[in-house]
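You will see chain A twice below: alongside chain B first, and alongside chain C after that.
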Partner chain A sequence: MVNLIEMSNISKSFGGNLAVDRVSLELLPGSVHALMGENGAGKSTLMKILAGVHQPDRGSIRKDGLEIAFASPGEALESGISTVFQELSLLANLTIAENMFLGREPVTRFGTVDYRRMNAETRNALGELGLTLDPETLVSELSIAERQFVEIAHGIKADASIFILDEPTAALNAADVEVLNRHIRRLRDEGKAVVYISHRMDEIFAICDAVTVLKDGKLIGTRPLSEMTPASLIAMMVGRELQDLFPPREKAAGDEILSVENFRIDTASKAFSLHVSKGEIVALAGLEGQGQQKFLRALVGQFQPFGGTVTIKGKGLSLPVGQEGGIRQLQAAGVGFVPEDRKEEGLFLGLPVEHNIAIGLHARARELSVAKGHRNTVADVMASMNVKADGPSAIVGSLSGGNQQKVLLGRYLAADMDILLIEEPTRGVDIGAKSEIYGLLRDFANKGGAVLVLSRETIELIGLCDRIYVIHDNTVVSEMPAASATEHDILDAALSA
Partner chain B sequence: MSRSIRRLMTGSQSRQGMWMLPLVLAVIICVFLAVRTEQFANPENLLNLVAQAMPLVITAIGQMFVVVVGGLDLSVGSLISFTTAILALDGPGYVLIPAVFILAALVGATNGFVVTRLNVHPIIATLAMQYIILGITRILRPVSGGTVPDVVIWAVSETFLGVPMPVYWGLFVILVAWKLLHGSRFGLHLFAIGGGIASGVQDAARNFGVADKRTVVLAYVCSSCFAALAGVFLAGRIVSGDPNVGLLFELDAITAVAIGGTQLSGGIGSLQGTVIGAAVLALLSNGMNLTNVSPFIQTAIKGSLLLLVVGLQSRKKMGL
Partner chain C sequence: MAAALNNAVVQRVTRIPPAYFVFAILMIILWIARPHMLNANILGIFIRQVAPLGVLVLGQLLVMRVKSIDLSGGGVILLVNYFISSGLFPGASVAFFVALALATGTLIGLFNGVMVAKRRVSAVIVTLAVSIILVGFVQFLSSGKPPGDVPSVFNDIYNTKLGPVPTPVIFWVFLTAIMALFLSKTVFGRYVTSVGENAEAAHFAGVPVERTVILAHMIAGFIAAIAALVQTASIAVGSVRVGLDLPILAVAATILGGVVFGRGEGGVWGPFFGVLSFALLFVVMTTFGIDEPGKLIAQGLIILLAAIFYGVRTARSN
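Moving on, here comes the complex of A and B:
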């Protein structure tokens, strides 16, 4: 088969920084090619070169055997290379339809933009993705997930032969991802070449045919996915085995710091109790949506359970806590809550790192007290967590996922919390940062903190935690030490309950 | 109901910006003046008003092209003076008139080149250009004098089919500007580029395949050419070349654009808003003259109005 695209020995540096170092990549028609690597491995840069955003310093690109070079994204698009960029790049002051057709608007006989045609075609394109948005809606009015979908619609509707999807699913839920996958398969069956960048293993194995792994700007290798397993892929990406990701467990747990008695999520569910001790990381495992999240959110006052009592550091509190004051009450007791969706619920994306961290300290101060800069604290946290940013004034939205997650964690570490409740500690975070975050949580526990964590990635819970509570049907069905637990054990406990 | 009225007034959820509020303001001023003074509703005064406002309307419309892409053009005032000075040179109209537009296009292209290729801030780039043109104008014509071609005078002061010429100027300018801004790909691209800049993503429109640099250069060319048109109109009114006639015109043009709801950060604005903004300024000065308000107070009122109207326009985020 003839290669559609052949990138050979591409190099690109920014300043003195070699972002891509002699990387070669071949794309076959009718295939979905995964591009993997940690954040900063050079995936996005390589794809931006193919999309004409950056020009390579060295190396050549051939399309259908002919050498090509793009001076601008417009030229790449004209040669049939369409991109869904990682950052949301839609223009907020334009309508959906205008964004969809920007740069290739149809015109009427009178030379005016043909809005009727643009709106009709946009409505169709959105309909195919299962969306019923009005094409004349300004993009500024859309939610993040809707914007992501419009971006995808823009990318995959283009009349192109090569499609680059750079983390298209970051803001999508499982059902939306399935819709996208269907379209990717359609493109593949039409003989197009698709490059797919994602951190989600299950997606990669669900739709990709081959995978190319980059590390530190260098090519590690290209393999057919049929020869790979998630574990071998991770090993290829990090250059080490999975076990090395997790920090060693501490032996003894201290005094009990958090205990929950007679907790009932709703009237129909069975009451259960659990406890967490100082120095412990405890997991809530099980199938998705079995009550783990409701339980965690009930402890911070964001979900109103039927009833129960919580004892934090010896002080009793009966649930449900008030919706208004619950979070402050728990915060005052030294409980920090790290929500699953750091972009929507956790961070202030438009604000600098320092404010995002310091707000944890401000939250406990009185409304009219002077808001101190907490510069030293912020600097200490950033240094101890190894946050990679251009200083404390860097805007959080500009950081990579892993660094954003560290900033969010840093907020609660800076505020000197005793207990952390964490949903999805490493969602959308690359392997290297994952390992660092695990280390940070373990350090926190070793210093006498307690962590209660839930995650969709069971392997993560097994590797990170000391004890696992398996939750099924809104109640705890089993408790096991993590050291000897397997994925099979947990599934078995959940389903046999 | 009240919410949708507020939405309409403030132009939120629209790319057109807040142009309804200045429209209401203009109507209020008109009604007030019609009731309070006898001269205002007089056809002669109204026609005079149109003729007086025309150079500002034209310049403000040109300025808007640049403001929409997040820029500013401070060179238009000097360019207006320069245009009158060129027109007052010895020579036939069929040479001088095309010449001023060619020169203006060159000035605009230079502004655009300096901004897009040399990455100089628009204020500095066009401020420098303002000084350069002012210097050349003063060399050409140190004090006002000379006469402009008859055709220019005719085109401004005569009537055609019983309608005074300034009305045709207004219609022509609005038609051309509407076509460029709201009826072409070029116009949409201007808003796209400005929208990207306003939300802090410099290359957003470029990533869609929009030829951003070329489009921005063309925006500066539009600004200069509209300013030259305003200069031709003014030359017809004063019949001579005057090195100071365009003085501070750029600031009035920016004021009109801002009052009309165009966001100086780029990406939001409308033609009707700009015309209304210029009309508000013209009505204000005409009305205050009719009611004998001191010119000093007039200036202070103009400033307060600018602050008030632009203050009301502030948006939480782009496009909201």
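Moving on, here comes the complex of A and C:
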């Protein structure tokens, strides 16, 4: 079969930093090609070169055997290369149709914008993705997942032959991912080439035909996925085996520290109970958006549950927890909540590492008291967590994702909590830092702490945790020891409930 | 390399609050054109005039650092002035008036804070409305006529000096130092920084966000009452329009001093020099024989320049 695209020996550096180093990539028509690697491995840069956003320093790109060079994304689009980038780029105060036709609005004979045509074409494009959204809806009224679909419709509707999807599913739940996968398969069956960038193993194996792995800007290899397993793919990405990623489990769990009885997330959901003991890391697993997050947030007052009893260290917690004071109330009881969205809810990106860590300690002091320096605590946390920064006064926003995540966790470790409730402990973090974070959480548990964690990455939960509660339809449907659990078991438990 | 170094220097320079540049430039103009004006007695009198503004700025910079604003200072000043000058409390002592003023200011601040933090009403609208209500209230009580006189002891204190420096100026510097210490040394100062940077993250870190905003407004109200006392002492009579332009000047001086919404890089001394710049501006304008309209235009231009300066800087840091 003839290659649709052949990128050979592409190099690109930014400043003195070689982002892509002599990488070659071939795309076949009628195939879905996964591009994998840790953050900063060069995936996005390579795809931005193909999409005309960046120009390569060296190397050549051929399309259908002819050498091509794009000076701008517009030129790439005209050559049939269509891209959905991971940053959401829709304007919230415009309608869906206005966004889709931004900068190339059709006009009527009188020179006014042809809204009728715009809306009709948008409705068709959305319809092809199985969406029944009104094209005149403002983007600000859409959910994140819907916005992602509009973005995808925006990228896909152009009559292109090559589609680049850069983490298109980051904001989608399982059902939406399935819709998206159907469309990717349709594109494949039509003979298009699709490049698919994602960190989620299950998706890669569900829809991709081949995988190319990058590491530190270099090509590690390209393999057909039929020859690969998730473990061998991770090994290829990190250069070591999967089991080395996770710290060993300790055997004995201590006394029960958190107990939840007859908990009901909403009026229609079934009551459930769960327990966490000292020294344990417990997972809330299952398909996305099945109530794991609502439950954790209900414990700190960010969601109003229907009812139940919660006991922390033998003391009852009266439900519902207050929205404004809940976080502080739980912190006073020794429970730290680590939010998923580290940029919006977690960190003060414009402030130093020092402030980001010490604020957890300050939060427990009286307002009008003198603020302690906490210099030693901050230094200890940074050292023990191996935070790479130019000292405690470095601005957090300038650190890498992994180091930012460590600073966020460090805040709660420094505040000396007994229980940590963690959403997505390693979101957007590369594999090296993931492994370190797993180690830190296990240390915390070994010292008598308890962790309740949820994550979209089931493999992470299996490797990290001691016990797994499978959540489906706002209730616990199964409980299993993590050591012997598989992704299949969890999915099975969720779906057969 | 040279470009990068240049850029680093430029960045460092743009991080200095514009108030310092304006202050320096005005000093140089004065030094060249009217060196005899650079005299502690003369400058002291001009700087004493802006002491009420300088005090009011301390509250303004606090609320602006938690991404709020307080435009109610004009109303507070007028109300306090009315309490003291109307003869409503015949024979009351200075201590009584001070206590009454501070309680009034704090209470108004509390109301502003609760509205902004709990009811999520726009700070501009709430505090402006409060100011309008207070102004109307005072004008109603006084039937639109200026009330009576201020007990002479206020003006007597106002006119004292410590060496060559007027007492109100010393008092202002002293309050500024207290505020600087308060923000840099207390846990509350950390909360203010956190809420200004990211209120959502502050909440998840365990910072009592609502309480911080309310407390900031209460302190701003308390400080507005102090400014009202200084202002009343300075004019020594009752008035129905005194101090109405002060809140907006306070916002301007705060911005000029490098404190913008949510960011406090100018600290407390940046806005302090912002106020000093306004004082010097009056001196320079007066010595060049420029009248009130000219002063207003110059004031507006400086504020505009400060805003452009921030626009340029923000664009670069993005």
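The criterion applied here is as follows: the second predicted complex is superposed on the first by the 277 of 497 C-alpha atoms of A that agree within 3 Å, B and C clash if a C-alpha of one lies under 4 Å from a C-alpha of the other, contacts with A are read in each partner's own complex, and residues count from 1 in each chain.
Note that in this section a contact is a pair of C-beta atoms (placed from the backbone, for glycine too) under 8 Å apart; a residue touches a chain by one contact, two chains touch by 3 or more.
As the structure is a prediction and not an experimental result, all values here were calculated from the model.
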First (chain B), second (chain C), both or neither touched by A:Gly360: second
A:Ala92 touches, of chain B and chain C: first, second, both or neither? first
Which of chain B and chain C A:Ala231 touches, first, second, both or neither: neither
First, second, both or neither for A:Pro339, with chain B first and chain C second: second
First, second, both or neither for A:Gly111, with chain B first and chain C second: first
Touched partner set for A:Ser140, first chain B, second chain C, both or neither: first
Complex contacts: residues of chain A adjacent to chain C: 324-325, 327-328, 331, 337, 339, 344-351, 355, 358-360, 362-371, 411, 415
Residues of chain B defined as touching chain A within the complex: 13-15, 179, 183-185, 188-189, 191-192, 194-196, 198-199, 201, 203-211, 267-268, 317-320
Partner chain A, residues of chain C touching it in the complex: 185-191, 193-194, 197-198, 200-212, 215, 263
Residues of chain A defined as touching chain B within the complex: 53, 72-74, 77-78, 83, 85, 87, 89-94, 98-99, 102-105, 107, 110-113, 138-141
